[in-house]
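Note that subunit A is present in both complexes that follow, paired respectively with subunit B and with subunit C.
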Partner chain A sequence: MKKIIKYVLLDLLRNRIIIAFTVFLAVISFSVFNLEDNPSKGILSLLNLVLIIVPLVSIVFSTIYVYNAAEFIELLVSQPLRRVNIWLSIFTGLASSMCVAFLVGCGLPVLIYAPTDVGLMMTAMGLLLTIVFVSIALLASVLTRDKAKGIGVAILLWFYFTLIFDGIVLFLLFQFMDYPMEKPMVVFSCLNPVDLARILILLKLDISALMGATSAIFSNFFGNQWGMAATVLIMIAWAFTPLWWSVRKFNRKDL
Partner chain B sequence: MLISLVVFTITAHAKTWIVRPATPLQKLQEAINNAMPGDTIIVEHGVYREPTIVVNKPLYIKGVGCPVLDGQKKNEIMVIKSSHVVIEGFSVQHSGYSGYNDIAAIRIVNSRNVTIRNNKLDDTFFGIYSQHAVSCTIANNELRSNAINEVTSANGIHCWKSDSMQIMNNTITGHRDGIYFEFVTHSTIKNNVSTGNVRYGLHFMFSNDDAYVGNQFRNNGAGVAVMFSKGVTMVQNIFFENWGSAAYGILLKEISDSRIQHNRFVRNTTGIYMEGTNRINVTQNVFYNNGWALKIQASCNDNTITQNNFQANSFDVATNGTLVLNTFNSNYWDKYEGYDLNHDGVGDVPYRPVSVYAMIAERNPVTMMLFRSFIASLLDKAEKTIPGFIPENLKDDQPRMKAFK
Partner chain C sequence: MIIATNVTKRFSKLTVLDNVSATCNKGQTISLIGPNGSGKTTFIKCLLGMVVPDSGFITFNQQNIAHNWLYRSNIGYMPQIGRYPENMTIAQVLDMMKDIRKHSAGPLDEELIQLFKLDGMMNKRMGTLSGGTRQKVSASLAFLFNPDVLILDEPTAGLDPLSTEILKDKIRKEKQQGKLVLITSHILSDLDDIVTEVIYMEEGKLRFHKSLTQLQEDTGENKLSRAIAHVMAAAK
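Our next item is the complex of A and B:
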């Protein structure tokens, strides 16, 4: 297993797209911090990068990689290796190389220019989101045999998590405006890793505003230590549930 | 010269009484009864447990080595019923508590030119209470109490129907309202620190022509409330970390002809909340890192908001209607995205400080959970291009490109 991880990782770190992604993140992050005289405004600009671009690249790139590695995977499967190990090695390689790309491209500038609570939280959330979306990508690619269809599903999932889901929630919040929606809202946010990450960053960024009208849910659930731990646990669950499911699928898959 | 002569004769004849435990003169009240107007009473270090001490003649009463006046949680500790009294250097503690009487540690009644300075008040119901007082000075006192809720606690410095009061350099913490004014005119509140009070750091009603200068209001239950007054000057104050759904840096209700200048509003849920205010100038203030920098209700009229810095606030301005009768001009908004072609430091396109998400959150507070999401920024961008939901006239026609120093 170690050998496969090593191979996948080395292959990925030399991959031109990964290098380009790292450079792209670094250029944007450094220019954002250099353009704004106020680092907290730079953080705000990077927020969209972390919540939108990072998941998109993670999910699309991972899906394409798995499809392109189909022959390599077939070769590995023909060897006396357990399928679980093969699949987990590919996941580990993908997730760690994407994390390295994010850390170098985005985490480093943040730690240099804005080593605050917000910056640290944003870096942590970027890493978690990367892992979550790599794992979702593996599920998407194991579910469909057709490459084009698989990439389509991956992009659709990204679109769902970043935009459609929030649109539906906003619609529901206005439809049920007359009812107490605080508790359902907590449940809604747990259904979307992007929302969870955003809320955790908001707690550091906009605490003054959040202590306003909706203080009850925020301070009771997300605000305290246990709530925060629970949120991070749910994020980790979001990373491993799709992975576990994809492992099961891969085990039975007729290649 | 006549005055100085009179002062000289008074000081020449003034006698000094020394109160000390375990001596014939060990009660402060006894010394006051024996003294003649204009005398000095020195109270030495020790604990004095007496019934309410009544000061009924002009005296200079000074504590040496911080003598303790203890109310034993039963009674009011000191009542001043004469003008020209100076109380200095005492530690006043454990006043009584009452649900129907206003029991105070030190009460000034119907007097002029009373000075209360350098005292420490601890565990008191009302701290320093003045009624019908004129030209009194309350300075350098440290007031501390342990209020738990609004019902069982009382105010630190409480002034009622007074005039020309000077309240300076006091520290007030753990009371209901730090400083409370009702029907107080021509007074100055300067360089006080009011923190961690259960309700308001400063609360005043029906008090005209007062000035608030260089005070610090931090972490109070509901910030500062200013109501039903006119001619109020608030300059160089700091409003810091007043958090909660009903907490404001300043709550302005029915205020007119006033000035708010050079203040700093940092990390409050709402910086300034205005309701039914008229002709207020809000100039040269800094709003930094607040939830809402300014909430200005449609009932406000003729207010001018100019030359302020709005930086790193979640929302700059929120309002509850489309009617705008106030002027926003020449402010610096860090969210401004316009350009300045002629480089005169003034943006060429107007800035609309009300974001559509502020309006949405105003109507449906739970939507704050979706704040800064992709869909929220899409809504904001769409609304900026074609305004339909936000008040069309609430705009700054000359937004600054650089922050004011």
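Our next item is the complex of A and C:
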């Protein structure tokens, strides 16, 4: 398995997109921190980068990579190798290189300029989100044979998690305004890794008071250590359920 | 050595393999013949575990190949269209395969690499190679690890006459060492003097599996191509 990971990483390095992504993240992060005097304002600006751009790049790049590696995968499958190992190696290669890109491009500036709880939390969430979206990308690419369709599905999933899901939640909130919605909201937010990450980061920032009554429930649930641990577990489940499903699909896939 | 029992495969509604059973033994050179789309390549891919049959099973040395992967270390496979990572050079692909297969039993068989004069262009990227050169790489890889079974899917397609002869000589050599060789080819004249058995497939069904001498007797034709033409005409 190590050997396959090695070749996946070599291939990714030759690809240069990951390096470009690292530079892009670094340029944005450093300029944001240099423009703002107050590092926590900088963190707030970076929040959208972490919650929107990082998932987008992770999911789209990974999907395209898997489709482009079709020849490589075909070659490997005809060799004495376990399919599970091939697939997990591709996942490990992709996820680790995207994580390193995020860590160098965004985590490093954050830890230099704002080495606070918030900064740490944001770096951790960024890493988790990267893994979650790489794993969703692998699922999308194993489920559809057609490249254009697969990339379309990946972009739609990203849309769903960053925009459509929030729309649905807002809609439900307005429909059931007369009822206490605070507790169901906690459950809803567990259905979306991006929301979970956002809540955890915002709760670390002082502005969480702005969210009103829901915030009180949220800080009750997510604020304490058990809630935090539970959330991180849910995030990890978000990373590994799609991966597990994609492994099952890949095991039976015709190449 | 390889026994396929009632293998059936459907791609959505199309039945590509319909209850195919076949037995392939050591020392045989079997030619898989059939019109386009008769399921030859799918059958080969089933043997390699690249396509998972809907029903039926395949055994390799008495072991079921489902959920098994080690048996593939005994197989050298040359695909119909060799597809390799475009960014890698020939040398890198060869090194990668050597690395992955952790070859331990005996020396590597690099004869074809030399005969095809691939060592002169080791630094060319796979993406820039012509179809024929790519076939040469595929062939070299199939023979590289001295496998007991060789599965060659259209080995001579795209090769120039000289290279075809080199490859045929190599197949003959391996055959004499008692290896099982499975070949599909449209160019039947290529196969005349190599083949010992013929499997004829049509529309996903295995029509017959005979030895070459038996086929020659049955049809009264001496040349393989004539004999097959005879069979195809009789079927209509």
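One rule holds for everything that comes next: the second predicted complex is superposed on the first by the 245 of 255 C-alpha atoms of A that agree within 3 Å, B and C clash if a C-alpha of one lies under 4 Å from a C-alpha of the other, contacts with A are read in each partner's own complex, and residues count from 1 in each chain.
We take it that contacts are C-beta pairs under 8 Å (C-beta built on N, C-alpha and C of every residue); 3 or more make two chains touch, one makes a residue touch a chain.
Only a predicted model underlies this, so the values are computations on that prediction, with no experimental measurement involved.
J.: Superpose on subunit A as described above, then tell me if subunit B and subunit C fit or clash.
T.: Subunit B/subunit C on subunit A - fit side by side.
J.: Write the angle, vertex at the C-alpha centre of subunit A, between the C-alpha centres of subunit B and subunit C, to the nearest 10 degrees.
T.: Seen from the centre of subunit A, the opening angle is 170 degrees.
J.: Look at A:D11 in the shared chain and tell me whether it touches subunit B only, subunit C only, both, or neither; answer first, second, both or neither.
T.: second
J.: Of the two partners subunit B and subunit C, indicate the one touching more residues belonging to subunit A.
T.: B
J.: Please work out whether A:R252 is in contact with subunit B alone, subunit C alone, both, or neither, and reply first, second, both or neither.
T.: The second partner, subunit C, only.
J.: In the overlaid three-chain picture, which partner chain does A:G167 touch, first (subunit B) or second (subunit C), both, or neither?
T.: A:G167 contacts subunit B only, not subunit C.
J.: Rounded to a whole Å, what is the shortest Cα gap between subunit B and subunit C in the overlaid structures?
T.: Taking the overlay as described at the top, subunit B lies 38 Å from subunit C at its nearest C-alpha.
J.: Hey, what residues of subunit A end up touching subunit B and subunit C alike?
T.: In subunit A, nothing is touched by subunit B and also by subunit C.
J.: Name, in rising order, each residue of subunit B that touches subunit A in their complex.
T.: Interface residues on the subunit B side: 243-245, 247, 267-270, 289-292, 311-312, 314-315, 334, 361, 363-378.
J.: Using the touch definition from the top, list the residues of subunit C that touch subunit A in their complex.
T.: 11, 45, 48-52, 69-73, 77, 79, 83-88, 96-97, 99-101
J.: Going by the contact rule set out above, which residues of subunit A touch subunit C in the complex?
T.: 3-4, 7, 11, 14-15, 69-72, 74-83, 252-255
J.: Can you name the residues of subunit A that touch subunit B in the complex?
T.: Within the complex, subunit A contacts subunit B at residues 38, 40-41, 44, 47-48, 51-52, 162-163, 166-167, 169-170, 173-174, 177, 181-182, 185, 188-189, 194-195, 198-199, 202, 205-215, 217.
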